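Working notes for the structure below.
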Amino acid sequence: MATVRPPRDAETDPRVKAVFDDIRTTRGTDFINNFWRYLAFDPGLLEQVWTDVRDVMAKDSALDGKTKEMIYIAVSIANSCDYCIHSHTASARARGMTSAEYADLLRVVSTAARTNHLVNGMKVPVDPEFDADHAG
Amino acid sequence: MATVRPPRDAETDPRVKAVFDDIRTTRGTDFINNFWRYLAFDPGLLEQVWTDVRDVMAKDSALDGKTKEMIYIAVSIANSCDYCIHSHTASARARGMTSAEYADLLRVVSTAARTNHLVNGMKVPVDPEFDADHAG
Amino acid sequence: MATVRPPRDAETDPRVKAVFDDIRTTRGTDFINNFWRYLAFDPGLLEQVWTDVRDVMAKDSALDGKTKEMIYIAVSIANSCDYCIHSHTASARARGMTSAEYADLLRVVSTAARTNHLVNGMKVPVDPEFDADHAG
Amino acid sequence: MATVRPPRDAETDPRVKAVFDDIRTTRGTDFINNFWRYLAFDPGLLEQVWTDVRDVMAKDSALDGKTKEMIYIAVSIANSCDYCIHSHTASARARGMTSAEYADLLRVVSTAARTNHLVNGMKVPVDPEFDADHAG
Amino acid sequence: MATVRPPRDAETDPRVKAVFDDIRTTRGTDFINNFWRYLAFDPGLLEQVWTDVRDVMAKDSALDGKTKEMIYIAVSIANSCDYCIHSHTASARARGMTSAEYADLLRVVSTAARTNHLVNGMKVPVDPEFDADHAG
Amino acid sequence: MATVRPPRDAETDPRVKAVFDDIRTTRGTDFINNFWRYLAFDPGLLEQVWTDVRDVMAKDSALDGKTKEMIYIAVSIANSCDYCIHSHTASARARGMTSAEYADLLRVVSTAARTNHLVNGMKVPVDPEFDADHAG
């Protein structure tokens, strides 16, 4: 049950087809997951979001792909996005995340959440030593 | 301005002194940041939290220290913990995070937040392919 | 599966019946959605919440009804309230939200989330120009 | 106090200058607010984010500019982004939001938050009537 | 720095004066804190919110006042509302919360946050034993 | 559907068995809920989390058990953790929370959320009277 209906025969729209083809090429698989199928209800939005996600997640950059997927999972947990947690945990495993690394990820995420709430409760003042200009 | 007062002469309490000494040894510095100074208002809570944070963040584990700090930052941003963002961005830099890696971290965190909100808005159903048992 | 059971024959309680009747009259429909049926487990709470929601959402005010429903959806997405997202997306459509407007809503919500996380990560200082007193 | 330093003489970088010029032209003002000044620490990220924000917020689309700013504020409140709340409340006023409309916005945002928490607490099941396919 | 200006001579408006008088009487003090002073920018909103907060927090009900203040703090921490954390921690202390109880509150809040993130990460299925109807 | 598989025959691992036995003894029941069954995928994480939850929630401390469960529920609602809401609402009832107390809890949680969003929207400055040092 969703708030939009994924278009049937979505790829009869050339803008949707171009994005789906790029997803298949970029990922090397025929599988198009539901996020893109539903987002196709608005081809312009589909293009914008896919371009951004592809450029950030699939292109070479300072961080390797597995690390980026784990950071993605961390944000998705904190924002309670069930779908995103499932899809990016699957992506992280596909990119080599081991079970031990996943347990470590959960350990860090849950410890961070614990101290986030402690610090927010006590309203601890920020040490001047943490300023970006401190050592400058 | 905080909701608790950090105890003066905190290290006259042997439990506080033991934790502060362990912080100094573990980190190789005399600097004790405000989080621990304020948390010392309850020595038992200080012990529990420090033990947990040290075991998760400072000990060798499946993920390296720099990656763990970046995951910590990601969660702290999503949970809006100002102090934690400052302290762990400083820690990540101390553990080698470059400016390019930090930009990449922000890129992933903000892209994840964008798709988290899109997916949560559309209530996209989870693909069965993402089930941990799918390939099993 | 819920944490409370909606009372059977809820309208035998005159306070519940009065609220349900007012919902039907205000909305011009016999349909009472689950939120009110479950909230009826405590008639006092039902009265308080219905009165507030009716006064804010159903009465004439500075903003038109469709705009108010879209703002409601935006908050519900950010707070991850699945039920609220479904019910208020349905309400917004009933009040005239088009598919193009819905796509635009998702575009704004997800872009806001992206910059929220970027700004919270960098801890950008607020420009004095934004102060309510600035032009005063 | 921020986690990055805004580059001095940022506009000696031609990519930064091009974005700043486009901000000035699009908004019809010489004022560049801190968000863009700090984001300039990574010119690529600056380009991506400005392009997205400009296309979503400054271009003609299904929703008018004032409504989009109010939706932006709603998300920023729920995500606790202080800077974003300040900057977009200023933008909404500049685009014509009256004091009465602002009070109405706060009324809707806070009522939504109240019912979000009520519904999430009771875990109310979604009515099948809200399905996008229901009337289909 | 705020997004609204608190009205000067607010009590020349009889609706504001009536609310401020009721706050003074209910609390037995002349002190009116900033939340109400700023909210007075819209007398109707001030009336609605004060009536609700007074009825929930200041009237006798199933839970005692100190417990209600601690629950209020817990929500405010999770929602990152700095002002609310400060004002309700002060209220809880005024209603008898001891330092040991406050430490216990922080212990529960931060442990809950930790398991919230763990469970949300693993997407653990809900046991049927937790259904409100289970024992029914 | 979860992101990890609970180990079959989990108690053949002596560390898992020791934790499960301690859960049974502490709670006086043979029932082990899914959270612990899934967490057993990493015995070290299971030990850490159970020890912490047991010490905070099951041991005598400044706050009584029922109050602690209600605070836990409040945080879990604000963090949108469905499983946690279900499990701790069941625990609170088992520890004596009445239906009237539960309604009161929901009343406080939802009123707090409402004012959290109002205050965060207006960015009300904190009164100096709320400082922990004010009366000192």
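Each chain gets a letter, A, B, C, D, E and F, in the order it is written, and its residues are counted from 1.
By definition in this document, a residue touches a chain if its C-beta (ideal position, glycine included) is under 8 Å from a C-beta of that chain, and two chains touch if they have at least 3 such contacts.
The shown structure was predicted, so the numbers you read here are calculated from the model rather than taken from an experiment.
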Any chain that touches subunit F and subunit A: B, C, D, E
Reference subunit A; chain at largest CA-centroid distance: E
Chain pair, C-F or A-D, that carries the greater number of C-beta contacts: A-D
Subunit D and subunit E, separation of their C-alpha mean positions in angstrom: 27
Centre-of-Cα separation between subunit F and subunit B, whole angstrom: 20
Subunit A and subunit E: spacing of chain centres that average the CA atoms, whole Å: 34
Contacts with two or more other chains, residues of subunit D listed in rising order: 1-4, 48-49, 52, 75, 77-82, 85-86, 89, 100, 103, 105-107, 109-118, 120-123, 126, 130-131
Pairwise touch network: line, ring, star, complete, or other: complete
Contacting residues of subunit E [partner subunit A, same complex]: 73, 77-78, 80, 82, 85-86, 105-106, 109-118, 120-123
Of subunit B, residues touching subunit F in the complex: 1-5, 48, 52, 55, 126, 128, 130-133, 136
Complex interface listing, subunit D residues touching subunit C: 1-4, 31, 33-35, 38-39, 49, 52-53, 56-57, 61-63, 67-68, 70-72, 74-84, 86-90, 98, 100-101, 103-105, 107-109, 111-127, 129-131
Contact set on subunit C toward subunit F in their complex: 1, 3-4, 41-42, 44-45, 48-49, 75, 79-81
Subunit C - residues contacting subunit A, complex: 80, 85-86, 89, 99-100, 102-103, 106-107, 110, 117
